[in-house]
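Next come two complexes, and both contain chain A; in the first it sits with chain B, in the second with chain C.
And then the complex of A and B:
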């Protein structure tokens, strides 16, 4: 992977400036006051315990879906189906949350999470096997499975798992299965710590273990590199790496869904809507496919997202504009060439060498 | 002699983070000449040409084209000045035919605004005919040989009216026959009034084709001479800064026991055709066995079968007392068989990974680099840095992506890794392709050292000089069979040429 360097910081800052400028123009053009929007965006993201807690709550599933994305990318597979894993993981974690009674808090939560992750991983088994043994592009199969997941969970919530005669929803999970909410009036819950822990674990496994090395040997780029001749040549079965990577990716998606249900929503209903699986792709790339980068990018994204809700609530500006802005930001941040022109200045070179990550 | 000057680069300096690629370079090319630009990998040849072609901007210096000062800030400017460049890595669309590739971006339009395919085809065929190229207008590049792809690249520049052609290491990827064909093409181009800048590090080619030669080393020009007034030895010492021995220094081999015994091996290629047809071959400890032959005569499949990357259809590969004919690469590697593959960028390396990650590919699982599956990154760093120094991999640090290294340095990463784990048998396929003289010498020395320490080496190479100089015994491969075993000291090049063409005694 590319290591973070000053150049990346510079690209990001340059991207931010351009985005702010475009935002200014857009918001003014829609007849609103940009400085007011900026104020509420900031307040919603960062001001006061409740807003901060909500920003962290927004970041929680994003950390996991971003790590899920980067794991699959770094084994050389292009998994776009994390949203699907998230849905099925949420459904079955919720099911386990009311189905198993008489368990202690810790064991019940663990069981629900394990089931959510297992189902999320199982969801990825088909595209992984199709890719490895039949050559079906995982991009196409995972995109399709996203649609299938939505239909499947809505059927289950409407049929087999339905409890409520009026609304298509499962029963509420038992108290023993709940991830605790810590602050009043916020859905922030202990799932956040699980997400951060998992991301750090992923960082460790990917970069510091032979298992991670074997997984990455056939990939580590922004392009799907499976199947890798390099791996086979070294005697590392790249088929197994590709499948394992997809399963881990799916399990993390399932975990994101499980935490949403166990920590915030507390039951599964037909209209429950996730898109963090897609946001995770952008955030994973924004974080340079590094888990630590994913945490940072998710915290940032979570704050902006929550700020967006606040702007929506306080002004006439629709919160969709925030999504537009984030997309523009990512667009520019990916545009490495912006700083190419700056490279000729000695100061930039100097700073670049200072800020570059530790060398071996 | 008062010659017109086509290209005049004055005092060019260009620095990248960590390296000065060009340092006060002066470079002059006369109109109508073939001018060779030579230097080791990383000497700065490509950088200088990219500056001339508008891909890179110099930090300092001036460019004169046909006498007038120019600022070439983009490729279009260079093209408009009549400069064309064929890059080291080709830039063709694989699913397009030659005319489609050549016309791309400058397609002639018919009166309805659509691409005039017929006009394009005719234009391309006219140029091809004028310069004596053979072109199959229906052949997609993905199915074309490297030589044909290269000719398409050259046609592309001619189609854009280039008068000054830059060919960046055009022969690195060619067989001897294709090289000869290329030289014919270059001579025709010059006869038609073009000027050619020819980059290489094969000095024999320089002497054969160039009028004048500029030698670069570490970003600086070491000398400019007419090929008539210089010698390979002189150029070589300018290139590496010391005298080089083009001969490999080695004592008589002391072969001992047999380590590999290939018996009646048959192998199919990727298209299902028979590529290896009943090969018998044995290698003893303490000797280097060479396989010579024009590329595409089954060498690739032979090596793949020996290293587990391809299943043998029939026959035995006895390694010590075990048949490894259908073993996995992993099992074969475990038995201390090293493999330097001919395809460096996809097989030998993952260029997305760092240098150290590539260097530990055959050792990451052992102590002290890792224990219980967890890396000791300090030890890994020491190991990688030691290999970097021992094998002279030119990179500021081992955390750099392999992608950013020059071809020769990439190859050194492969060689360093493969020779580092003390192999009993080393299978080296085209180990010095695209590598410069100084490093070719180093790689040859390493193979000979392997041998002297009791290792066995199988050297497969399309470079006849290489096999003849390094190997103790040579088999000539032709159409999937070894048609002749020779002692390299007892045959000459002409005889070998006949064997390589399939002529038996």
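And then the complex of A and C:
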């Protein structure tokens, strides 16, 4: 994968402008006032401590699912099942949160997170093995497992793990398992720092270590294709790195779910709905499959997502508009030929070389 | 009631009804896969068509307007997919995924913004398709097998046989298969592979549209958020299980339909958790994926990769 280049930024910014224009048309067409929507979007995303805290809270799982996406993509696997990992990770982290008593704060949180990550990774084992040893597309198997996950956790919250006779929910996690919420009236919690730390760690591991190199060699430069033969010529077993990458990806999905339960909702209930696994795919692509890019894109997405909730509350415009617009933006960003087409303009080429020299 | 008693005519009818949407979108998937296009975006096409069909039927109170709108929605989504993948060089998988996420959010957005409804939209003004009753079959032993199904069931048989003929009896079918099997050789033989890919994409868009439209305008006449519920993906698995051939895909879809039909019947017989029943199609899909894996393992031995 190329590093960020000027033409990528150009396409993203141009795409952003066109997307804003489409948004304007869409909002007007459905009988609403675009400038009003823009105002609430801004206020909901950035105005005041509480909204900023909430924006960061929204960004927390997104950072992790985006990193989960990019890790799998960069080993040459399309893991679309991060949402499923998130669900099972959240369920079992919540279970560990009330099941184990008499532990210290640090050890209990660590245990819950470890269990969430383990279950999230285990959820990806079957697709990884099927892909590597039997050539079954991991894209389809992971997508289908998302549907299984939703029904499975819903069944568990309703049956075996159910505590409340009225509502289908697990018991509340113990205080020792909680990730602390820092601001009043906000679900922002210390999980945010875990997410950022993990993303930075992923940056160093992927780009600066031999292990990261071995992982990447299966898929780098070949996003969208299957693990290349290239790495096997170098003597790096691409099968093993594909499986490892897939399991790391699942573990990060599980971590995202665990943080949601330990830090924000504090118990698992049937109606708990996650879609950050899917958002993470979009964000991972927006961030050009780089962990640092994922942090930046997640902060942006978290803010407009939180702004979208405020818009939904204040106007008739439904919050799904945000996802609609981000996916339109992805259409532009993923169109490789637009990016390539820009190369024929000398000015772009020149700026590109200046831009990449600065990065060195 | 004994469990064996669930295997009766009404199970067969339920099987055919459950098979139809998967088979139609599965045939669309088979067509794409045969030409070497991995069309993840079928799910989004179904959903857009289901929405457009309900919207048009609601505003015009005509089921045919609903049909036209649904097919158009499927075609337009296919056009977007083709434009991104073939013209603008986007990765097929990314384009398909983005389209699916776009369609799920887009239809939910429109439903909530236009009609102010969350979850589902249902209205007496939405006209749906009625089952077709064949008067000439009345009293015949064939009546319970053939009569009083909705359009999708008949269409499914027609498409499976029709596409089989196109695949193996026409130049176009040969061109499609050649494009998928060996694009370079196909180009050398004078086949415009990009044009073939466009053709199957557009046609499969129409098929996925029809399949999605029947979801919202046949037995239910309503739109629910994400109502395609992975049928586009299950169709892809069915096509893969059926070796991307029309009749194979049809058979594989019937397998999914059978699982669905048995699940629905068992629910009436035993007190089963509804979530476990809902899980049947997906669990079955996972089983089928494992079977595909086993078949591929038996067929080709993977090239051994040298260990360091």
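General observations
In the analysis below, the second predicted complex is superposed on the first by the 333 of 360 C-alpha atoms of A that agree within 3 Å, B and C clash if a C-alpha of one lies under 4 Å from a C-alpha of the other, contacts with A are read in each partner's own complex, and residues count from 1 in each chain.
One rule holds for everything that comes next: contacts are C-beta pairs under 8 Å (C-beta built on N, C-alpha and C of every residue); 3 or more make two chains touch, one makes a residue touch a chain.
Treat the numbers as computed from the prediction; the structure is a model and nothing was measured.
Of the two partner chains placed by the overlay, only chain B lies in contact with A:208; chain C stays clear of it. When the two structures are aligned on the shared chain, A:49 is found in touch with neither chain B nor chain C.
Looking at the shared chain after the overlay, A:33 reaches neither chain B nor chain C. In the overlay built on the shared chain, the residue A:217 is in contact with chain B alone; chain C does not reach it. Partner contacting the larger number of chain A residues, of chain B and chain C: C. When the two structures are aligned on the shared chain, A:78 is found in touch with chain C, with no touch to chain B.
Touch criterion met: A:151 reaches chain C, while chain B stays clear of it. The contact surfaces that chain B and chain C form on chain A in the two complexes overlap at residues 232, 235-237.
Every residue of chain C that touches chain A in the complex is listed here, in rising order: 38, 40, 80, 84, 87-95, 97-99, 101-102, 104-106, 108-110, 112-114, 116, 229-230, 233-234, 236-237, 240, 273, 275-276, 278-279, 282-283, 285-286, 289-290, 292-294, 296-297, 300, 302, 305-308.
Those residues of chain A that touch chain C in the complex are listed here as 30, 32, 78, 80, 126, 130, 133-137, 139-141, 143-145, 147-148, 151-152, 154-155, 158-159, 223-224, 232, 235-239, 278, 281-282, 285, 316-318, 320-324, 327-328, 330-331, 334-338, 340. Taken together, the chain B residues at the contact with chain A in this complex read 17, 57, 59, 307-309, 328-334, 339, 341, 343, 346-350, 352-353, 356-357, 360-362, 364-365, 370, 373-375, 377, 380-381, 384-385, 396-399, 401. The touching residues of chain A, counted against chain B in their complex, run 1-3, 208-211, 213, 216-221, 225, 228-237, 344, 349, 352-353, 357, 359-360.
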